[in-house]
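Multiple structures follow.
Each of the two complexes below includes chain A, the first together with chain B, the second together with chain C.
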Partner chain A sequence: MKRYASIFATFARACLVRDMTFRVNFLLECVTSIGWMSMNLAFYLLIFTFTPEIGLHTGWTREPFFAFVATGLIINSIVQALFMPSAEELTEMVRSGGLDGVLVQPLDAQFLLSMHRVDFSAFANGFIGIGLLAWAIVRMDATPTPLAWLLYPLLIVCGVAILYSLVIMLAAATILMGRNQSLYDFWFYLTNFSRYPAEIYAGPWGSPLRTLCTFVIPILLVVNVPARVIAMPLEGQAVGMVLAPMIAAAASLALSRVVFLAAISRYRSASS
Partner chain B sequence: MTNPATGARPGSVALPSKVPMEAAVDTRPPHRSCRDRFAVGHGLRTWWTMLAICLEERLVYRGDFALGTLMRFLPIVTQLFLWTAVFNATNQTDIAGYSRNDMVAYYLLTMVTRAFSSMPGLAGGISRSVRDGSVKKYLVQPVDYLSYLLAARIAHKLVYYAVAILPFAVVFFVFRSYFPPLPAAATVLAFTVSLALSFLLGFFMEATLGMLGFWFLEVSSIVFAYMLVQYLLSGHMFPLDMLNGIASGIPGISVGNLVGWLPFEYTAYFPAAIWLGKIRGNDLVRKLAIEAAWTIAMAILCRIAWNRGTRRYSAFGG
Partner chain C sequence: MHNSNDKRTCGDALGEPSLIAVTGLAKDYRVYDKPEGLLASVTGLFHRTSRLVEALKGVSLTVGRGEFVALLGPNGAGKTTFLKLLSGIITPTRGTARVLGHVPWERADDFRRRFALVMGQRNQLWWDLPAAESFRLHKEIYRIDTPRFERTRDELVDLLGVRPLLLQPVRELSLGERMKLELVAALLHEPEVLFLDEPTIGLDVVAQHTLHTFLSHVQTERQMTVVLTTHYMKDVAALCERVVVITHGDILYDGSLGDIVDRFTTHKIVTLDLDDTPSHERMAGFGFPYEIRGPQVILRIDRARIADVLPDILRSQSVRDVSVEDVPLEEIVAELFRSGESPATARFAEALP
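Then we have the complex of A and B:
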């Protein structure tokens, strides 16, 4: 474990050096990712000029909703910074045979494939998320309890773990399919469902979708649970709600490991 | 960098008709007569060959492609639920002139528009070819790079439509109740023209952006910034009419007015608004003319950028 930590630190340092070599590009990346986020915030602000709430009596008025958005930003920035850059490279590695080089290294292939690149500029959105969360919390009617503050970081870690498992499973699909340029798109579209409060998925089509995205692909637990814990008072069913992402995180990590190992065992090199 | 054979700059070498016979790349079967080389249709045939090659290339990974096409509809589902929730919480029946059904129809229609105007990988591809030097093959071959790119893009789009028509038809059928009755023939015609123009406008805007690669080696951040602005101001994110009530700080001018002066709205909002009957009569004709003017302006700008860019271009490596 210690060895892996030190190797990861070396990777991270190398990426930081690379980022700092192209400082202007790094700054531009920070600025553009903040731009993307501000654009989304502008859209939500625009929506709130027409409505007081997202969904009738859901409690997602402006400030709680922005706490929700902030939570999403924090979780996504961690995933984008630590895992996505490596996963994106995998597509080309499978096609070109570069994956062979990874498999012969005396290191765990999943570790190497999912964590060898760190995109520091992606953390920019996370910092903005923290600022936005602070902005929303001081304006909310109900201030979070100490228990909520304790659970919040833990649930964020669970959310990151669920998304990480998803990335690994998509990576496994890439290895099996030979090439999957849609990997990143698929990840984007799937996580798109987690961008809004689960309550919006209602009605004859919404409820099954909500069940699917909660229990089968637990994407709705990623942001919803920590956001709800911090933005709304904890009520009766809170224990189940808080435990669900923890169980989902453990289960999806285990499943993704199995799927990844199965995919690697079926990998046939593309190089000569 | 001047071509010794023709004495022309590389940018203009590209036009097949200007190239001497021995320099031309003959991609046709060998049994054809040599006189064919001088046929008026030669340029067209070169172009057609480029299109055919690109079509084949695109179809190699069709599984991946079909998967990608299907997934493009997923965000619409989220938007449908989001707007339903918004309309449930407000007691208004319309937002900025759009009912909930209009809103859903709008998003679906912008999907159609974006299928025409979005150019994934175009700008990045151009700047990469400048950076890694592969652009130089277009400087010595009798193939115009911009024409090649346009042919490749048309091929790309044709394959996309061939694969996407089915999921599009299914989704539009499922959501048919959200659409207003079929508009008049003239509206459908205007919609079609606006779509064709949006393809060209999108192409030339992104290609021009890619040409910046001649000046800045790394343009990915600029492209990303452009995509952001494009996404917001094209109306892909929400109907631009929602901005009409927002003050811009300039007396008498709303943010909606300001956005209307830019070319972006023609790549998503405009065709969708035509279909939904939000823009009619003289307004429609005027806006179509403006769209055409933007397209021509961008095409000229793109050509200028290519000519200037190749003039300052220097290739490294073999």
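Then we have the complex of A and C:
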């Protein structure tokens, strides 16, 4: 474990050196991503000029909702910074045969393929998310309990683990298919569902979607549970709610490992 | 032409266990045909036709410690597939292999720490960073302790004269410079087995020569086992004692480089520089006049007759200069490759031990 941490630190250092080599590009990426995020926040502010709450009696008033958005920003920035760059590069590596060089190295291939690139500019949104969370919590009626503060980072880790598992399974599909340029698009469509409170998925169309995105592809547990824990008082159902992402994270990680190993064993390599 | 380094002998011959032992190794690929035209492409979405390609048809081979083996063969013969199987990158359809006591495609860390693979057409260094950064990463991945890392890096870098390039981004380097640094990276963890897939492809003659000298030196010093695929006979002549010829996924020849010349050529090339321009008929009495350009004559003479014919020529002609050479290796190997595509294969197969 220590060795892997040390190798990851070396990867991160190399990526930082590379990012600093292309400073303007790095700054542009930060600015673009903060700009996009600011537009989203402005849009949400606009919504709250029309309604005091997202859904009747859901509890998602302005400040809790911004705590929700902040949680999403933090989780997504971690995934975007640590895992997405490597997963996106995998498509090209499979097509060009660059994966060969990874498979001969004495390291776990899944670790190497999912963490060898770090996009530091993606952390920019995470920092904004932390600021937004602080702003929302200070203005909320109820202050989070010590237990909520304890659970929040743990549930963030679970959310990241669920998203990471999805990324890895999509990347594994790249290995099996030889080419999967829609990886990022598919990822975007999937994670779109996690960007809003689960309560909006109601009615004849919403309920099945909520069931699907909670129990089959547990994308709704990623942001909803940590956001609810930090933004709303914990009630009777809290144990089940808190355990669900933990179980989902463990199951997702296990499944992604199986899928990844199966994909690697079927790797054909590219002609030289 | 032949390398006389007596250290490069087969481990089996010395009674040592083989570092590489392969039995009946085969790899089949299912290839899907892409029909031409829009309609056919749409139909192909629902029904695809495929065929089985046998990239390797059951190869058996052993390689001992300290051997430098060349894998020769035309494009698509299965050389790179063979190296990929030995490196554990792909899994075979049939057959067994053990490299350094491990089944390669199980990809045990202990196995992967003890070999290296360099592919001439692939870049394994970080493209945007200086090679020194990739070396640092390599140190962590292979768990090389700092004193050993620094000693090995300095030794390799100085041997190849690439110290000034260490801090330059890899994307700014020439192909030859990149390949030298790729080799340094591959050898940093002091592998016992080195797989080289066309390492000199696209390099100029000076860079090729530098790599030959370097590889020869390092291989001898470290008693490393090297398996090399190449299309350049200069690589083979400079480095390898043993040659394995693969065509269509099968081994066509496995033996010493000297043996190829002895067994598969029936004549020698004699180049004469005469005082006058001879006629075709005058020269035909000694052998086959391959080329007559003014007073310079190139004759192909039967190997069995060379000892008799050469004194005759020197006695009867005014010879200013003479040289006797084997048929160029390229020609012999090209003939071997061609024989693998025709019924003449049997001729070579019969000649095999």
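Note that the second predicted complex is superposed on the first by the 271 of 272 C-alpha atoms of A that agree within 3 Å, B and C clash if a C-alpha of one lies under 4 Å from a C-alpha of the other, contacts with A are read in each partner's own complex, and residues count from 1 in each chain.
Following the convention adopted for this analysis, contacts are C-beta pairs under 8 Å (C-beta built on N, C-alpha and C of every residue); 3 or more make two chains touch, one makes a residue touch a chain.
Remember, predicted model here, so these are calculated numbers, not experimental data.
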| item | value |
| --- | --- |
| Chain B versus chain C as contact partner of A:K2, first or second or both or neither | neither |
| Partner chain(s) touched by A:R23 [first = chain B, second = chain C, both, neither] | neither |
| Which of chain B and chain C A:Y196 touches, first, second, both or neither | first |
| Of chain B and chain C, the chain that contacts the larger number of chain A residues | B |
| Where chain A meets both chain C and chain B, residue numbers | 22 |
| Footprint of chain A on chain B - complex, ascending | 61, 63-64, 67-68, 71-72, 74-75, 77-78, 81-82, 84-90, 92, 95-96, 218, 220-222, 224-225, 228, 231-232, 237-238, 242-243, 245-246 |
| Chain A - residues contacting chain C, complex | 3, 6-7, 10-11, 14, 17-18, 21-22, 96-98, 100-101, 103-107, 109, 265, 267-269, 271-272 |
| In the complex with chain B, residue positions of chain A that touch it | 22, 25, 28-29, 31-32, 35-36, 39, 42-43, 46-47, 49-56, 58, 177, 179-182, 185-186, 189-190, 192-193, 195-196, 199-203, 206, 209 |
| Of chain C, residues touching chain A in the complex | 29, 80, 84, 87-91, 107, 109-110, 112-113, 115-117, 119, 121-122, 124, 126, 128-129, 133-134, 136-137, 140-143, 169, 197-198 |
